Amino acid sequence: MPRRYVNQLADQEQVNEVFVASGKQLRTNRNGSLYLQVELSDKSGKIPTRMWNASEKLYSSFDDGDYVRVEGATQIFQGAMQMIAKQIKTVPESEVNEEDFQVLPPADMDALAGRLAAMLRAMNNPHLCSIAECFLIDQELMKKLSLAPAGVKNHHAYLGGLMQHVVSLMELASQVGQHYKDHLDPDLLLMGAFLHDLGKVDELGYERDFIYTEEGQLVGHIVIGVRMLEDKIAQASELSGEPVPDELCLRLKHMIVSHHGELQFGSPTVPMTIEAVALHYLDNLDAKVHSFSQLIREDPNVDSPWTTYQPGIGRKLYKGSRQSMGAD
Amino acid sequence: MPRRYVNQLADQEQVNEVFVASGKQLRTNRNGSLYLQVELSDKSGKIPTRMWNASEKLYSSFDDGDYVRVEGATQIFQGAMQMIAKQIKTVPESEVNEEDFQVLPPADMDALAGRLAAMLRAMNNPHLCSIAECFLIDQELMKKLSLAPAGVKNHHAYLGGLMQHVVSLMELASQVGQHYKDHLDPDLLLMGAFLHDLGKVDELGYERDFIYTEEGQLVGHIVIGVRMLEDKIAQASELSGEPVPDELCLRLKHMIVSHHGELQFGSPTVPMTIEAVALHYLDNLDAKVHSFSQLIREDPNVDSPWTTYQPGIGRKLYKGSRQSMGAD
Amino acid sequence: MPRRYVNQLADQEQVNEVFVASGKQLRTNRNGSLYLQVELSDKSGKIPTRMWNASEKLYSSFDDGDYVRVEGATQIFQGAMQMIAKQIKTVPESEVNEEDFQVLPPADMDALAGRLAAMLRAMNNPHLCSIAECFLIDQELMKKLSLAPAGVKNHHAYLGGLMQHVVSLMELASQVGQHYKDHLDPDLLLMGAFLHDLGKVDELGYERDFIYTEEGQLVGHIVIGVRMLEDKIAQASELSGEPVPDELCLRLKHMIVSHHGELQFGSPTVPMTIEAVALHYLDNLDAKVHSFSQLIREDPNVDSPWTTYQPGIGRKLYKGSRQSMGAD
Amino acid sequence: MPRRYVNQLADQEQVNEVFVASGKQLRTNRNGSLYLQVELSDKSGKIPTRMWNASEKLYSSFDDGDYVRVEGATQIFQGAMQMIAKQIKTVPESEVNEEDFQVLPPADMDALAGRLAAMLRAMNNPHLCSIAECFLIDQELMKKLSLAPAGVKNHHAYLGGLMQHVVSLMELASQVGQHYKDHLDPDLLLMGAFLHDLGKVDELGYERDFIYTEEGQLVGHIVIGVRMLEDKIAQASELSGEPVPDELCLRLKHMIVSHHGELQFGSPTVPMTIEAVALHYLDNLDAKVHSFSQLIREDPNVDSPWTTYQPGIGRKLYKGSRQSMGAD
Amino acid sequence: MPRRYVNQLADQEQVNEVFVASGKQLRTNRNGSLYLQVELSDKSGKIPTRMWNASEKLYSSFDDGDYVRVEGATQIFQGAMQMIAKQIKTVPESEVNEEDFQVLPPADMDALAGRLAAMLRAMNNPHLCSIAECFLIDQELMKKLSLAPAGVKNHHAYLGGLMQHVVSLMELASQVGQHYKDHLDPDLLLMGAFLHDLGKVDELGYERDFIYTEEGQLVGHIVIGVRMLEDKIAQASELSGEPVPDELCLRLKHMIVSHHGELQFGSPTVPMTIEAVALHYLDNLDAKVHSFSQLIREDPNVDSPWTTYQPGIGRKLYKGSRQSMGAD
Amino acid sequence: MPRRYVNQLADQEQVNEVFVASGKQLRTNRNGSLYLQVELSDKSGKIPTRMWNASEKLYSSFDDGDYVRVEGATQIFQGAMQMIAKQIKTVPESEVNEEDFQVLPPADMDALAGRLAAMLRAMNNPHLCSIAECFLIDQELMKKLSLAPAGVKNHHAYLGGLMQHVVSLMELASQVGQHYKDHLDPDLLLMGAFLHDLGKVDELGYERDFIYTEEGQLVGHIVIGVRMLEDKIAQASELSGEPVPDELCLRLKHMIVSHHGELQFGSPTVPMTIEAVALHYLDNLDAKVHSFSQLIREDPNVDSPWTTYQPGIGRKLYKGSRQSMGAD
């Protein structure tokens, strides 16, 4: 029987399936008895799960990040789906089909990495090419980039999400750079799209659950990202025997530093070049299209043309019923 | 001798040339004597001009919008170029080369109109096509659209500027719509790009000088634009004998109503569909790329890598010296 | 025995009474058993109600908007009164005293409609009179106006509430217009008070529960209201054979468009005429007096001189104990 | 020949008339020669005036506040009317018609004071009546009140302006209090209208020119006003032999303290009673109606339907041409 | 056996100890049965407590503020420690060790009062000394000052907290005043530190639980504090036979009125003297150091280098593990 | 005859003295004739200067930064002192008394540098000491630090101003660190005070005039400062053979990154440690005390108790007349 994915589960459905556990907690209810709370996920999404009358022993029998087989049943609670588990036990990795748990399977990640490298190598500016090459040959960094999520929640918050966001933005930048080639330097814009969020590979921890690292919180991905770039610029100058022009360095750093667009969103300076201002709007566009799309796709309010109220963006979104718009 | 255009004039240069006059005023200086103040323009830009010891008679000898031949000399005053005129007299249209005064010559405008119509007619949704057709056959509206500026100042503030902005945005929307075709409806986004600013053809007056009309100020282009759309929807339903689906109408109106993105920028509602949020960011992107580009191009601070401070955007822009970036 | 109204119920009171049901939901508690949640109302207010151990069958036995007889008992839960129902069953309309459920009984609504028409017909400006008449003879619109609430929550959120707010504001406008007759046009102000919220009859759905319509959310009552006015202006010009002066039309539309006073409250333009700015403050005054008054009247904190904290207005309100102020 | 008032002067008009001088300064122009700058006013308004080639001696020959006879001519300078004086000399008070200089002549001020007292004495609450009486019998305070302007600029900025604003607001409060008598205490609202700005009699200096006093700037009229009220409450309790109830005192002080409505406008607390919130909106209404009206009346842009841009309110105002609205 | 203090209690610990009760409520759970909710405190902190199956009789058997002996057990509930009580009964004061309940024992309070008086008496300005003396000899006021908390929650929210904050700030002001003695008047700054929050002794009620008084809410400690100062100035002038100079009075009042630094934080004026601006920053510094310190000290998240998210300050705080920083 | 310094010059005074020139411009007046505009300074301040009927040759005869002897006369123009020069010629450095031009003479700078080094070397934490030593032995950096101003305008905007601000803040931090030693780590706070603005040595150019460097504008002193610190940490680890603990590095970087206190003031993160929040308030305190003090000291409004309106801080400052406060 084919696996039922989390996003396929209906109300009142019996479940006996393997998931990845995260965020487990042993909690006391109002009457003082213990229950286990945990999130179960596969590649299609997450479902909050409770197991009543749990014990310390059960709690210690698995770790966050482990594969677990769970028996239980679903129910709608306060407008959202949850599971009530009857049994939870760990499963060895060898018995698991890893593809069920990868939002972005290895082949997709390889394809993304390939497109990323191809776009960078197609730039005309030799200095940018040699800086880009220094990033591409840094295997540890590229490995992290292929794993990191783009955020702790919101858009692209899954393994590989950062790479997916960066490649989507680069492709956008590539088209838009051509559209505005009389007004800005397409290579610079493309390189800015590649660099803007690289600091996130150290800002976020993503071994098991997604959290901000201490450095991520206290220093932030913008400052981290500028340092990464400076290291690669130094390396590129050394390798090519030719210094990268100062102005080019400044323009690149400035795109990282200003890409949030406004001081109140954490950019220490506002965009002061055309490439920087274009990067800011494109980054926002890509983030918003993906997060709106995800909120609509995962909305539990299935019978309504509206999503539930989304406090993060201060509004409901309109889903409507697209089939009725005559677009057959 | 070929004409010297406004943007070619240097300091302390003798001028004897034809311009379009606008914003003429007869003013008194501190000592009580009269002088004339007027702006002179050709297709390349505008130069503020003063003529000392002017008279009522001279002031009445031409109107804003007239072609005038001016003798005088340029100078830098408070960091900007101005002209001191010695003589001003009207010139009949027949003696003028109209091409010297059209930012966008008729051939360009025709090409823009052609691309606009082609993109609209290439949409797949039949309802959108028939609404679009109702706009395209409205000759008075299309005439206005080909004349209107996109604003009183800032980006695209010249005859034909609105058409240029709309077509640029539609081309962008067309590419970006394909890029995100799994997340949004490309036809809707394209139609939104076409519709979003149409109300400006009645918001702005552009016979001679650019001003807001009374309706433009008191009601605003968003409300005007929704009404235009409603008229065309009614017409399309009637012509095709098939009502345009309600949801489609709502989605179109919503894109107009929300395209400023935030209440404080004059949108009565925030974007609540993916197409509406994408339109908002693309509109901002196109406006900012063009206005930053224009500010840099026209900056009088020729020897500095920075523009003068721009109060409208609260910053200086960085011009740098692109030749030094190794991009040959 | 006379009926006990919702606002008369005390803690731990046995209830056996007829109510209107709304917002029914069948929900699962933490242990997986089903309960029913519903709001019960009469003309004096609403009480949230739960019925434990409910079934699908019970849930389907009545609809929102039905009259139901409920047996149960009240209790204070988290600072607010609620009811625990033991039995719920529908009651035919014929067995119900409709007056128990009308906040504003038909006679009151007729009186309001009469005062509204009288004030409009007493205006001096013939154009305004003929536009007003076009509204008054539109029976469908006047019917909706007599039913619509003024909002989904907050002030005047009950059937007929919009009419009540509009008439209160018109009476205020009428007095204040006289007070400032040297500074503004009293007829314009009165007409603005009539028009400002008319778009709400289509912005809100109020057949059963109060909700925003899709058009209400995506387009908003301001844009809807301008269109209504434009239709009536066209009709009035046709009927009278005399066009309504452009400036008058603009001043009317501007009052609708700007009545929220600031862009960030959803007005696409700020008030730029004296009548528009006066309308804005009077509308705010009427809304705030009614909502503060209602918050104080319905506050469950009976022993305290303060209401509970009201997040919507960011403060507590002071109730005090007015009897102690020497006003006998 | 009847006097030509300041608001009747046209461009290029010869003037030989008596004015009140204020704000005189002896200044140096760019070439180092001296000129005199002064404002000349009568009851209809003010005109900025310059006298070229002035001397220390002329400068010392009159004081701000003196009556001076001026010979000169008007001119439009930078969009506003100004005068170029040829001669300035003082005039004894005995030769002057004082009525030409009083915006509000003594008879008007007496009428205002009479209406103010009548409204206060008509209140029903005996405590409020006895507090009010303590104010009315304080001749020094009432004298100041009849002189003070309501502000240094903006609305009611002329001698007697504070009294005029207070009486207008009290009349409004009186009507509105009746309108809302089911929701609030009309006497409290009326008393609040009387009290809200009383601190301004010490906040502003108005002997000659209008300035903020040091106490006005450093402490503010709200804190000053509360102290005034506390003194009168103590006096009223003593006179009547009966303490004013604490709650009544608090409600009065609260109306003063909160009447600016929001913390960012200088109120240390927001309105938390119905009377306080009503007072806030009525105060704003009266101020805005008067200031918009004055801006429109005094606008120098006589040929335009719009006033000049008003930075204080961030907008232009629409004047239109009311005669065309069919109101005969 | 030594007492276990609230901040020493671990999860699942049996408790049989004396506490002070506050905030008791008798509430109904979802099933309609009664439970008691109360907060128990000693000098080390507070623990929320529930007792299931409570009765009206139990609820009436003690009052907020009483000493009660409680038997029960602790548990972690929703990330915070709480207690489930089995038995609660009052204990006579005579059987209680009062020191267990005083955050600041009498000896500490006496020391603080001593330091406060010494600093005030060491000022050089005789006027300030005599005003200060009028405060010091007002025994009722000094008593209140030694009891009042500095706030209802946040920093220094315990009996004596206001005195502790005032003395800490005065000591800071004393050092900083010396550091900047070329720029400001150290005595003024010290006196401002003493005066700035004195109005809080009447703004807050602190007999049993900490609440805002009606005057505190409706008028605010700033206005109250200015009145206190005015009374003492009058008294000082009378006692010394020499009026306090007006400017000195204004400077003192201004420090009280402006010490919140910005209008939106409730100061009716912004700081306009150097002493006032210095006082504002020092007050903020002292409040923030103490509140951050307390949030870190009391954070329940013992295993994490971060505190829980603190909505009041919009951030988490970093605790780290200071032992690892090489500071031995 | 002793030199008359800029801040001693009165209106209408004849001047024949040596100054440093800066900001020279050759400009055209309205009539087209040329004049020279330049700022002349000595250690006491700056005076804007104009020379009428200037020539290209004069303009080229000296450079910004040169010593020039100027003959001319002072005058008050638009409320501020300016000079009208008759003659300007360069003076060799050898004929100049350098002390007349140093706000902070070498001896003072040496003393500041000595105090700075002493405070750093007195820290207890060995890691901090060794990092500090790496800064102290970097002669190029220390040289820059002793020259840099703290800003382009506002507080400490003169050569050596940055050092003066840093040392003042360190002394403050040293005292305040002791005051709060139970709550924070005094060494960390002191080190933060030393580090917080170091990036300004590269953000600002100060060879001749004070300007932001391109890196300063496009990247900002916060990002630059973090990089400087990282270099020194690496060097310290290498020199001592012992790595600096990660947490210590993070805490230091965090103080730099967050010292503006709020995102909207350009800090990419808000303070999340006690030392960081304390540093923020102390930095603000020192900046505000110095800038308020300077605005009061240099205010041209000598006869008024108020300074002119200061747009940068949105207020006037109160100067009063301190002699009248009884402080002898």
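Going by the order they are written in, the chains are A, B, C, D, E and F; count residues from 1 in each one.
The rule we apply is simple: a residue touches a chain if its C-beta (ideal position, glycine included) is under 8 Å from a C-beta of that chain, and two chains touch if they have at least 3 such contacts.
What you see is a predicted model, and the numbers here were worked out from it, not measured in a lab.
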Shortest chain-hopping distance from chain A out to chain F: 1
Those chains which touch chain E and also touch chain C: A, D
Reference interface A-F: repeating pair among B-C, A-B or C-E with over half of contacts shared: B-C
Interchain centroid distance [CA atoms averaged], chain D/chain E, Å: 44
Length of the line joining the C-alpha centres of chain E and chain F, rounded to whole Å: 39
For chain A paired with chain D, centre-to-centre distance based on mean C-alpha positions, whole Å: 60
Of all residues in chain D, the ones touching two or more other chains: 214, 217-218, 247, 250-251, 254, 272-273, 316, 318, 320
Chain-chain contacts as defined at top: A-B, A-C, A-E, A-F, B-C, B-D, B-F, C-D, C-E, D-E, D-F, E-F
For the chain B and chain D complex, residues of the former touching the latter: 27-28, 30-32, 214, 217-218
Chain E residues within the chain D interface of the complex: 214-215, 217-220, 222-223, 226-227, 230, 247, 250-251, 253-254, 257, 263-269, 272-273
In the complex with chain C, residue positions of chain D that touch it: 124-127, 168, 171-172, 175-176, 179-180, 183-185, 187, 244-245, 247-248, 250-251, 254, 270, 272-274, 277-278, 281-282, 284-285, 288-290, 292-293, 296, 314-318, 320-322, 324-327
Contact footprint of chain A on chain E as seen in their complex: 29, 50, 52, 73, 75-78, 84, 305-306, 316, 318, 320
